[in-house]
Structure formats: C-alpha cells, structure tokens
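Please find one structure pasted underneath; my questions will follow.
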C-alpha cells in the first residue's frame, strides 16, 4: 500500500481548476498528491472531469487556475513533449503508417538515442509485452489486444517515470480486458513506475489500483484504496457508484458517535453507522451492501433491528443467488447469498424478515 | 430618300408575295451571329422589320458565330443542322463552302437587285468572294491609339506601330499571323502589291516574323475582339489592332481618349451563309428572309447602328446618321475616302492555302 | 476511391452484392454436404432434382442480372458520353479515307509511280485524276480533299479549288466530237445505258464501266435519270482511253468495234497539259508525292504532326525547326501543371488543416468560402485576375502607391506563365482542399498528442506523424488538380499570353479554327496517353489505393 502521508509527492495537483468556456468549471478545486510508484485510478462517470485532469497532467490542456507539480517541479508551462510522461490512449493512437518497430523507436529517435541502443530498447519493450515477433508488422495487421500491448510498450520504451492511461482497455472484450488488467498492474509494479489510470469501469478500478479517486461533478468525491472505498464509502455517490448498493431513505432520529437511529420513510427504525450525517433531523440515505443483508435469524446479532420484506424475484447466478425484495417502499432492494449446500432459495411472494450489523449500514448524505 | 425606301419596300413585298404563296415556308428561323452591338444592329435593321411584315415568323438568335465553322461541321456530321442562316467572316465562308457545309447561292436569283435595276451580282461586285457567301458589311482591322499617351505627334502611319522610339509602350496585336504578317512586310519595305508574293516564300515569312520580332517584347496578343478596346481603355497598351466598329464604340460611345489610325487598314467582309442540307420549307423561309435582309435599304440601315460599311455599292449613298448618337456615320466608315487613303486587301485565296503553314510558324515563333 | 485495403469490420457493415455471392456460395457448400446421394456418386442434386451447380448458377445469374440492371443507366450513359467520344477521337486521329474515296482511280494509278524519281507521273495517272476530279467536283468533294491535303502541303487547297473550276472545261470535248461524228447514236444516253448493261462491253471498257457506275450513282443521288442526262466529256474520254488500250476486243456492240477501229486516227488531248494549264503545280512531283503518301486509308500523319514530325513523299522526317511547337507545348503543359499542382498543395494544405481542426460549424461556414469560386463563372474569375494582375491593375497600383515599384517599371504579372499559374491555382484550389480536408478529418488529433507525449516537438509530430497520414489526400488532390490543369484551356487562353498557353489551346484552335480535327484528335490522344502514363507511374510509386478522397 502506498504511503499517502508522504510529503515529497511525485505528482501533485494544487487547487487546480479548469474551465473551457469561462462559465462553468469542469474541474473544481482539485487537490491530489501521489507518491512515486503508486497506481492511481481516476474513476467516474463521463463528464466528471477525470479525463480533463489527465490531459492537464499530460500537458494537452492548461489549467485555468492552480498548479500541477511533477516531482516537486511546477509543470504548467512545460510543453507536453518535454514532460517525459508516457501515455496510453483510449484508441491506442499507434501511427498507422509506421511498423511496430518504427512506432516504438519513434520516442527514442526524437530523443536522439543511437541506433543500436534504440534497437535493444525496442526489443526489450516488445519482449516485455510478449510481442517480440511482431516488430515488422503494421498496426492494422494486429488485433485489438495486440495493439493495446504495443501501445503500452511504446509508452514505456523511453522509460518514463510516470505513465498515464486513458481508458486503455475500453475497446477490448471482457476476457481480454481482465487479462490485460492483470498484465498492466504486474508490469507497473515490476518496473516501479507511477501510473495514473482513467476509467469509468469500477471493477477495473478496484482490481488494478493502489488508490482510486472517484470523480463526480468536477471534484474528487473520495480517494482511497479499493477496499476502503467499497466498504467505507464517504458519501452516497461513492456508495452508489462503487459496487452494488441498496439505498433506503429516512431521517436521523438519534445520533451518537457510533450509532445513528434512522427512521425510514415508512416509519420503521433501523440502526446505522453515522458517516455523513451531522445532526438529528437530517435527511439521510442509508447504504447497505447486498451481501451484508441477512434473512436467516440465526446469523443475526441479538437485538438487531429487523425489517419486513417481500420476495419479488429470485435469480440464480451460479456462484451466488440474487434476490430482489420489496423493503420499506423500495422495490429494488437486492440481497446476495452464497450458493452453499445449506443456502435457502427464496420464492417470489414469500414474506421474510431481514437485518444486518449496524456497522454494515451506513448513514450518508441525502 | 423616304420615297425611295417606300418604293424599295413595295418592290420587295410585291416580289415576295407570290413566292410566299407558291411555297410552304417554315415559321421558325434560327439566325447565328456574333452577339453584342453587331447582332443588335442586325436585329434592328433586318429581323425586326421582317417580323413586322411577317408577324407569324419567330426568329431565334444564336451567338455562336465565332465557333460557327466547327459547330456546323459537327451538326453536319450528326445529320442535324439546326441553324438556318449563319453570319461568318469571308474566310470562314470560303472554308465552309470548301467543306460542302454551306449552300451555293445564285446572287441574281436569290438576292434582290438594286433599286436602279443593277443586278445583285454587279451590285455586290468583287465582294462575292465565295459561291456560298452573301456579304453584308465591309469592316476593317485597323489600329486605335491612346491620344494621351502618344505625345504631340499622333501616329499616322502603320509603321509607327513598329516604332518603339517614337511611341514607347505596349501594343495589342491579334494572336494569329493574318494581317500582322502583311503589316510587318509593308513596314519592312515590301511594296503593297508584292506583299503576298513575298509572304508565299519561306524567306518572306522569316522576314515578316523578324520585323514583328522587333516589337515582340512590347506586344500583348489578343484573341477576342473585345480585348483591344479594353486594353486601350485601361491604358494597358498605347495602340492596338481590332475591328473598326469596336474602336468606334470606344471613341464615340464610351468617349475614351482613343483615336483611329486608319493607315493600311485591312478590309475584310462579313456576311451570311446558308447551311447545306436544309429541308425545303426552312430553306424557302431563309431565302425569303435573305432576299429582304440583304437588299440595298436594309444594308444601309445597318450602318445606323454600327460603323461598318454596307457591302452593296448601291447602299453607300443611303448611309445616314447613327440611330442614338445622331452623328453622321459616313466619316466613320472604313470605306470613307478620308479613311481609305491607304488600304490593304485581304487575300482570301492566299490565306486559304498558307494559313496552316504560316500559322504553325507563327505559333512556334510566338512560343519562343 | 475509398481505401479498399483497410481491414477490419467496418468494411463489412453493409450488405453488398458480393456478400450475397459469398452467402450463396457458402449455402451451396453446405447443401453439397447434405445433398441426397452425397458427393461420391455423380453431380450433387438440389431438392427438385436439378444439378445443384445449375440451380446455383441460375440463382447467381438472377442476382447478377439484377445488379447489371441497376448499373445499366450509368453504363449506357458512360458508353455514350465518354467511351464513344474517346473511341471516335482515337479513330479520327488515324482515319484518312478521304483520299482514296475521293480519288479512287488516281490512288490505284499512282501505285506504280516512283515519288523519288523527281518527275510528275505519266499520262494515265492524269487521266485517272481527270475522272476522279470530275466526279469530286460534281459532288463538291474536291475542296474538302484540298483542305485535307493542304494540312500536309501548302497550296494544295487552292490547287484543287482552281482545278475544280477548270475540270469541266477541259479540251476533252475533242473526243466527244470525234466519237459522235462516227455515229450520232453515241450522243444518246440510251445507247450508253444499253451498252453498259452488257458484261462483254464492260469487260472491254473497264475504265468507262467504272466511270459510268459513278456517273449513274451520282445522278441517282441527285434524283436524275441516266437515260435522260447528256453524256459528259469525261465518259467519252474514258471510252477513248479504253479503246486505245484494249482495242475493244470482246465487246458485244458493233458500235464499239467501229469506234475502236477509228481511234487510231483521232486527234488527241494530253491531259497532263490540261492540268498544267489549270495550275502548273500539277507538274510538281511534291504534290503527287503528298497524294501518294496520304493515299492509305489510315495514316500516322496526324500523330507525326503532333510530335513535330511529318510524313513526306520521302519518308518520315522532323519538321523544320521554325514549325516545331507541339513537343515544346506538351513539355510546357506538363511543367506548368506540375507548378500549379505544387502551388495548390502549398496554399491548400494549411487551409485544409485549419478547416479540419475547427469545430464543424465554423468549418462548414469556411467551407462555403472555399467553394465560393465554384459558384462564379470561370470567365468572370479569370477576368477578375486580369484586373488584378495587369500593369495598370490593382496589385501594380498598390505597389506603386506604396512606393515598392516605380511607376515606369510596373511588374508584368499577366499574359505570361506567372499569370496562368496564379489564375489556375485559384481556380483549381478547391479540388486540392476538398480531398485534403476529408482525409485530414479522419486523422484523429490523438495521433499528434501521442507523438508529443512520446517527446516529439510540434514540428516533428507534424512532419513524422500527421503529414504522412495526409499524403493520400495530397495524392488525390494532386491527381485531380494535375489532370484538370493539363486539359485546361480557357484560363491560359485569356491570361496566358504567348508563354503561358497550353497544348489544349492548340487543340481548341484545330477544332474550331483550322478544322484539322484529325490533328486535334491526335494531340488529344497523346494528352490522354500522357495522363494515363502518369497515373500508372503514380500507381507504381505511391500506389493508387493510397489515394483517398475521404
């Protein structure tokens, strides 16, 4: 795990703002510090500002306000080609008129590296992505996955310390994507490079990153390691955006340090962890992960609040059962249970009672 | 004069009336001419009065004369001649006649006699240069110069064109050998009646080109008749050759500081030909029109609108004033004794033979 | 001209006739496996018992016919308006039937004459010419032939015209008088009609028989009856010549035998003298040499002319230097077209680049400005350049006013090559910008970003990454501009002066002024060949599938 408290951050955004039209801000007051060697993912829906941040870092967009520092040095006024940042583009941007070898030696040529050195480095980079035999081909002759590897190799061949990746796996099919996810992280860790990775795919973000910055509306909503992000979302956007989530709306009745009593809109009262509520009477959205909901009483703590639920739909998904319930006016309340020999299979129409541990139920902002 | 006109009118209608009954005549007629002021003069003098007499006849004008030879040949090859009467210069008429694309005419049968009874053949005289050609006008290719750019002694000799010292500046000459070669020889000391004999020899051709070569760097070569008037008006050239009617309009109608240099003007003819192979009804109509449009009075009338001399000897005394400007037209005619002190006659037969040969040499010389 | 070599699924997103064929073939292949009987024994049968191959062919033929019917209107249009005129042009450039059609007897008689001997041919050739010219004059064909041969030898035009006027008044009536004096029946057309129906007579009088056939054919075309028209002197002349040559042996008619016996004592007319009296040029062997050299039905003469050579009685030789013009014009046309193409690239590339990188709305607006020249008449645009470039024109006035050039040394920018290049570059620029623009639009900006992120400066990124990808657009634009400019003629005619005119100006001259269509066709054919050759070279060097219009 990266050391987030380090002061000598490798990449740093300081109060960065960006506006294209002078009227609205696409990036609002961005502050971010990244230590060397970290794999950071910027995750968010489209239009959330994550790609703009990446482009500002690469130098293709200028920050309207604030400062971006690389290795302690402000880089706002350094043109992209002098920043020495490797970059992998969404559509790979392999030069179609050059062979793979030429593509890879391009960054070395512009750095005036000698021919023999160039050839060695190109070969090493190609071997690294297991594409050693493809040097003489043109990009159009390669499959999507192969082009992806070449793009990666090209971004790494000149040994940059920082590599940016803009949704690099977006065009691949699921299987290939998963394989590449692993390869990229493996490579990044092996080479010890710092990576900023942009995606809108949360699974990708969770599986690959040291830390994930969740973007929405031009701000980082939460920046945290994947497990923390999943298990302890700091607001309802993050809770909704990361993983599957059930939301119940209500009002805070009682509030203490470790417990909030929330009265749901249909009058039922439940115990929750206060995360993002300030005072009694606040509206809140309560977040419960589907796999933390229990309906077998023997698995619940004593005295836990129980809610009545009606089974709407039972879906067999192989490793898990996914059951849709109607709870406290919410018809889309999902629970997940492991497919085990003793597991109960609920039937539609069945009346049951459900509950959870107070720490699994988080009272967030409305 | 008025009585004469009415008499001529009466005579021609009396002559035409029985013919019109005898033959079936088409009511549509396509006349081909050069467009512009010249065509307008033909409309005013020929077709408008004719249509007054024959209200059911429809006349369509086509402005294709400058490519008439090629188009007639193409129409003839396609077997679909859509023109009824075509205005061409004499050289083209000879060419069309040679090619069998124009119909031969019999002047005494197809054309009206003069009011005093002189036969058409005698009235047109030598101007009937081809069996297919009915001349309308005598025009000349001559020079105009900028009065404000030539100093105190305006040019009055054709050889002033070749005198760069007395008259520095650019000249406009036509981008073809015809006329230029003759002028060059005249100014190189060849006697007027020997010009074509000299020009028939390769040495003579070299001589003419050498003379033209003395001013080559100061020549703007034109290919459309409107070029020289424009170049004169813009002050791009000091002097330039073109058709005298064009210069008349620059001088008298546009009031530009331009004057005529009539010396060694080259007379040429323009007139009608009837395309070969017209169907009988269209031919009858065209002949009817032609009889009217080429009579003495009609040719004289045309000179009211443009400064070209009528081709009939009997028309000359009838030339009057310009229809709009109200000036006497006679002094502006190329045939006026004051203007025709020294004229040059275009030799059709010579150019029919030597055109291809000399043109190749001339173009090769130009391109060098 | 889309990039056919591009791979990937985008080429297969719309069904094409080809797809249908593949499908049908695949279907057929499947059927074959399941067909009753199996592949082992005999032809595979379709469900209805017909051989599968035949029913497949039938299915495919229907599809082909449908496809053909769809393109039929275009095919017919192209054939009529494009292929046919080109074929006609190619044919005209070698066609030369006019000589042998107008002078059939002469051409045959000339075969034995030696053009190198330096003497005019013998009397029989003049006799043949007399017969030919008589009929040519009757049909007004002699002047046409004169015009044709005048392209090759100066003076032939008036020679034929003059002789045509005289040929009817030759002294050959001497024969007419002498023969009719033998028997007044000779003057009767009916006598001739009857005589010429007998094969024995025809065999005895071969020249007369041929002349008679032409005579009757001519009368028929005029709507006249041979039995009613007076017998012309030319027929009596041929009769005399035949009788002298064959003695009338084998003739069925007693009248012929009688005449044959008498011709020995006839007063004769020397036709070569008659011709010489009409024009002494007929004694010039060069004239006869020209007729002989151009007697074949097809000639390379026009093509030789097009490359500054000529076909003379003494063989093929170079034209005199002071008449050589076409090779120079071809070279100049190609050189200037290249200059125009280059200046179109230089001016058009930045414009296309700006257009491709602007937001679509602005780009569309600016595109109107690019296309604006298309909406103005060519003549107006060219004349506007005249106003701009002439010595008393806008540019010179401005330069003089600014004091950059002196009033008496104004720049000459028109009526020369410079003027032509400027005006034509302006006119053809859209043809460069449009393909460039559409190719540049497909070059994603990420390529430039990628190059910069890899460390390339702006210039390197452009030159190494952007420019190579825009080359197909340059190729397409260059081909368009070059081919268009190589055939241009209006603009060079107006602003080209003497040094800025193209080969097309000469073609236009020969089409509309000199009427030498054969030469125009030959020049046009060479131009076509040059364009196709350059196209082929381009294909070899750059590859034609590298040409993209978008």
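The chains carry the letters A, B and C, assigned in the order they are written, with residues numbered from 1 in each.
Keep in mind that, in the parts below, a residue touches a chain if its C-beta (ideal position, glycine included) is under 8 Å from a C-beta of that chain, and two chains touch if they have at least 3 such contacts.
Predicted, not measured: the structure shown is a model, and the values here were computed from it.
A.B. asks: Counting only chain pairs that touch, give me the topology of the graph as line, ring, star, complete or other.
C.D. replies: Basically the chains just string along in a line.
A.B. asks: Taking the mean of all protein CA atoms as the centre, name the chain whose own CA mean is closest to it.
C.D. replies: That would be chain C.
A.B. asks: Distance from the CA centroid of chain A to that of chain B, rounded to the nearest Å?
C.D. replies: Computed from C-alpha means, the inter-chain centre distance equals 90 Å.
A.B. asks: I'd like to verify one number: the distance from the centre of chain B to the centre of chain C, where each centre is the average of its C-alpha atoms, in whole angstrom.
C.D. replies: About 32 Å, centre to centre.
A.B. asks: Need the CA-centroid distance for the pair chain A / chain C, whole Å please.
C.D. replies: 72
A.B. asks: Quick check: in the complex, which residue numbers of chain B touch chain C?
C.D. replies: Chain B reaches chain C through residues 66-67, 69-70, 73, 95, 97-100, 170, 175, 206, 220-221, 223, 234-236, 349, 352-357, 359-361, 363-367.
A.B. asks: Considering the complex alone, what residue numbers of chain C touch chain B?
C.D. replies: Touch residues, chain C against chain B: 140-141, 143-144, 146-147, 150-151, 154-158, 161, 319, 322-325, 328-329, 332, 390-393, 415, 493, 497-499, 501, 506, 511-517.
A.B. asks: Please name which positions on chain A make contact with chain C in the complex.
C.D. replies: 58-60, 79-87, 89-91, 93-97, 106-107, 110-111, 140-141, 154-155, 158, 164
A.B. asks: Which residues of chain C touch chain A once you look at their complex with the stated criterion?
C.D. replies: Residue positions touching the partner: 6-8, 444, 446-447, 449-458, 460-461, 464-465, 468-469.
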